[in-house]
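Heads up, there are several structures right after this.
In what follows, subunit A forms one complex with subunit B and a second complex with subunit C.
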Partner chain A sequence: MANTPSTLTLRLNGAPEQVPVGTTVAALLERHGWLGKRVAVERNGAIVPKSAYEATILCDGDVLEIVVAVGGG
Partner chain B sequence: MTTIPPQKSCATTTDATDLLDDAALLRYSRHILLPEIDIEGQTRIRSARVLVVGAGGLGCPAALYLARAGVGVLTVADGDTVDATNLQRQILYTESDIGRPKADAAADALRLANPDVTVTAVPHRLAQHDLDALVAASDVVLDCTDNFATRHAINRACVRHCKPLVSGAAIRFDAQLAVFDVRASASPCYHCLFPEGENVTEVRCATMGVFAPLVGVVGALQAHEALKVIVGCGEPSWGKLWLFDGLGLEWRTIRVPRDPACPVCRDRPNRVE
Partner chain C sequence: MRTQSPEAELPFVDQPLVLGQRQFRSRLIVGTGKYRDFAETRAAVEASGAEIVTVAIRRTNLGQNPDEPNLLDFLPPERFTILPNTAGCYTAEEAVRTLRLARELLDGHNLVKLEVLGDPNTLFPNMVETLKAAEQLVAEGFDVMAYCSDDPILAKRLEAIGCVAVMPLASLIGSGMGILNPWNLRLIIEQASVPVIVDAGVGTASDAAIAMELGCDAVLMNTAIAHAKQPVLMAHAMRRAVEAGRAAYLAGRMPRKAYSADPSSPISGLIGR
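Right, the complex of A and B next:
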């Protein structure tokens, strides 16, 4: 997918997604209605701590998975 | 990664001959044959105190393996009673247990499985205060519960008392497994991974369904990891989340760092570096 200079392409839960350059993890979560939900964010194989959501700026080619907490037992 | 030595309380109070007589040497011989366990490791298992919170699909197999492996003191806490829908997967119970407190029925079955083990039943839902006392008296804690409020309460108690926590969870065909060992300064706690937040969907087995052998897989792995923590063998498992896709039969691992701003564990003492 070709990016305009102001966008970059991520892979989110297995599907490509274009977001504006400078998008943070917090903004991505908000865009999908996940902010404040019981989820963890995996970025390129590691969980992003919640306290880093605002400061973590996404890069072109980042692979992200939203991991929903399982609670059953 | 830092290797965590077994806790002193596991090994130094009693020597092997007090804990492993001839019958025990025979019963546990297939553990003792493993060089990673040997007599020393089995002695640690015999003197370990393990708390299993939740005696449902995960807690039944976890407690059963821990009992058969010969842990010294096994405490099983659950406030529910056995009902007919449990019997599909909660392998400690039979039809005659329907209506009984799960903790009591589980304790009876565990004592039958291995009379060597001191089994204590806690047949009520734990308030934070009770949980703190039980966690403080344990060497390792297994979270086998079915709700997030209890999961966070167990985690807080484990952080406060600096105890390793083996967390399992399963629903439908999906499962998650993680070890949080806050004795290691770099280990996250449960809250570093899943901060408290709103549910994405209703996730209880009572309403969503759960595949029977899935809880056996995960509960057995919780016992597996707890015994590794007790013995001190293998690679430490903290700092990772295992995701199991039971339909695709695939495991996936994600690295989980500590959250330096985690409201639960940011100020915790670092007893082992």
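Right, the complex of A and C next:
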């Protein structure tokens, strides 16, 4: 996926995703309707705490995992 | 629906189940997978009397409507102790990452179920990776309950690392085969100074009772309830089985004898002699 000057490409839950340059974790969650829901975010192998969603600006090539709790044993 | 507390039914007050800093009255821990819907999950959990419920951590489905009901809406963390697991992880690294996410998801909650699998057909645990992950997680301040094989040496090792409970399998995950090696379980129980919780393999109520009679501190199960024809009724049965097995263990069973010349009824006063 080629970036325009104003976009960057993330890997989000294993799939490529293009977002505008300057997108924060909070904005990414908002885009998918997950902001304010009970989710957790890992960026390049490190936890992004809820308190850092607004301040964390995403970079080209970032690998993100967004998870929820589901039924399990 | 609020079910009766275990104390209300037992003629004594049992010691609590102690996991790290936390104490529990129920000795039955239940999983939340394989139910038809969240309402059935909740009904079964209520019937089981469990205070601790396990959950899995998975990627959000980005195609899905984010307003769909969430498991934790039905099992609120304010009411139940949520025990996130690492089911499906095959390496220590995956398991540690999963539980770091779980801790963030659950607002710093640090009681976790570590489970590192070694084989997709049997779901047998990979104990080398389990030990590695346990060391890392304990160092990071997690209270680790570790699913393990029924090897007494490895159970002792997990305890030495600092796990708050060891959770040997009774038989393979999802098999419902019951307790295949009570002798190993007994060895693990005799030497342990942390709670021993049978995790995996329970098929029906008698299996849970036997585990508790052996001296296990608790039983963890999912499929035995969720895949019963009537899950809520089976949850009810499991609750009673765990309570009965615990009471029998504390009461102390009579010794086994190959035969007995000591009938329960008087041997004198018989008529016609």
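The working rule: the second predicted complex is superposed on the first by the 69 of 73 C-alpha atoms of A that agree within 3 Å, B and C clash if a C-alpha of one lies under 4 Å from a C-alpha of the other, contacts with A are read in each partner's own complex, and residues count from 1 in each chain.
We adopt the following convention: a residue touches a chain if its C-beta (ideal position, glycine included) is under 8 Å from a C-beta of that chain, and two chains touch if they have at least 3 such contacts.
Not measured: the values here are computed from a predicted model.
Residue contacts after overlaying the shared chain place A:42 against subunit B and subunit C alike. When the two complexes are overlaid on their common chain A, residue A:71 makes contact with subunit B and with subunit C alike. Once the two complexes are overlaid on the shared chain, A:5 sits clear of subunit B and of subunit C alike. Look at A:16: by the touch rule set out above, it reaches neither subunit B nor subunit C. Contact with subunit B, but none with subunit C, is seen for A:51 once the two complexes are overlaid on the shared chain.
Common to the subunit B and subunit C interfaces on subunit A are residues 34, 37-40, 42, 45, 47, 49-50, 65, 67-73.
Residue ranges on subunit A touching subunit B, taken from their complex, read 34, 36-40, 42, 45-47, 49-52, 65, 67-73. Residues 12-15, 32-34, 37-42, 45, 47, 49-50, 65-73 of subunit A are the ones touching subunit C in the complex. Subunit B meets subunit A in the complex at residues 54, 56-59, 143-148, 151, 168-171, 174-176, 192-201, 203-205, 208, 210, 215, 241, 243, 254-262.
Interface residues of subunit C, counted against subunit A in their complex, comprise 31-35, 38, 41, 54-60, 62, 65-67, 70-72, 82, 84-85, 87, 97-98, 100-102, 104-106, 173, 200, 220-223.
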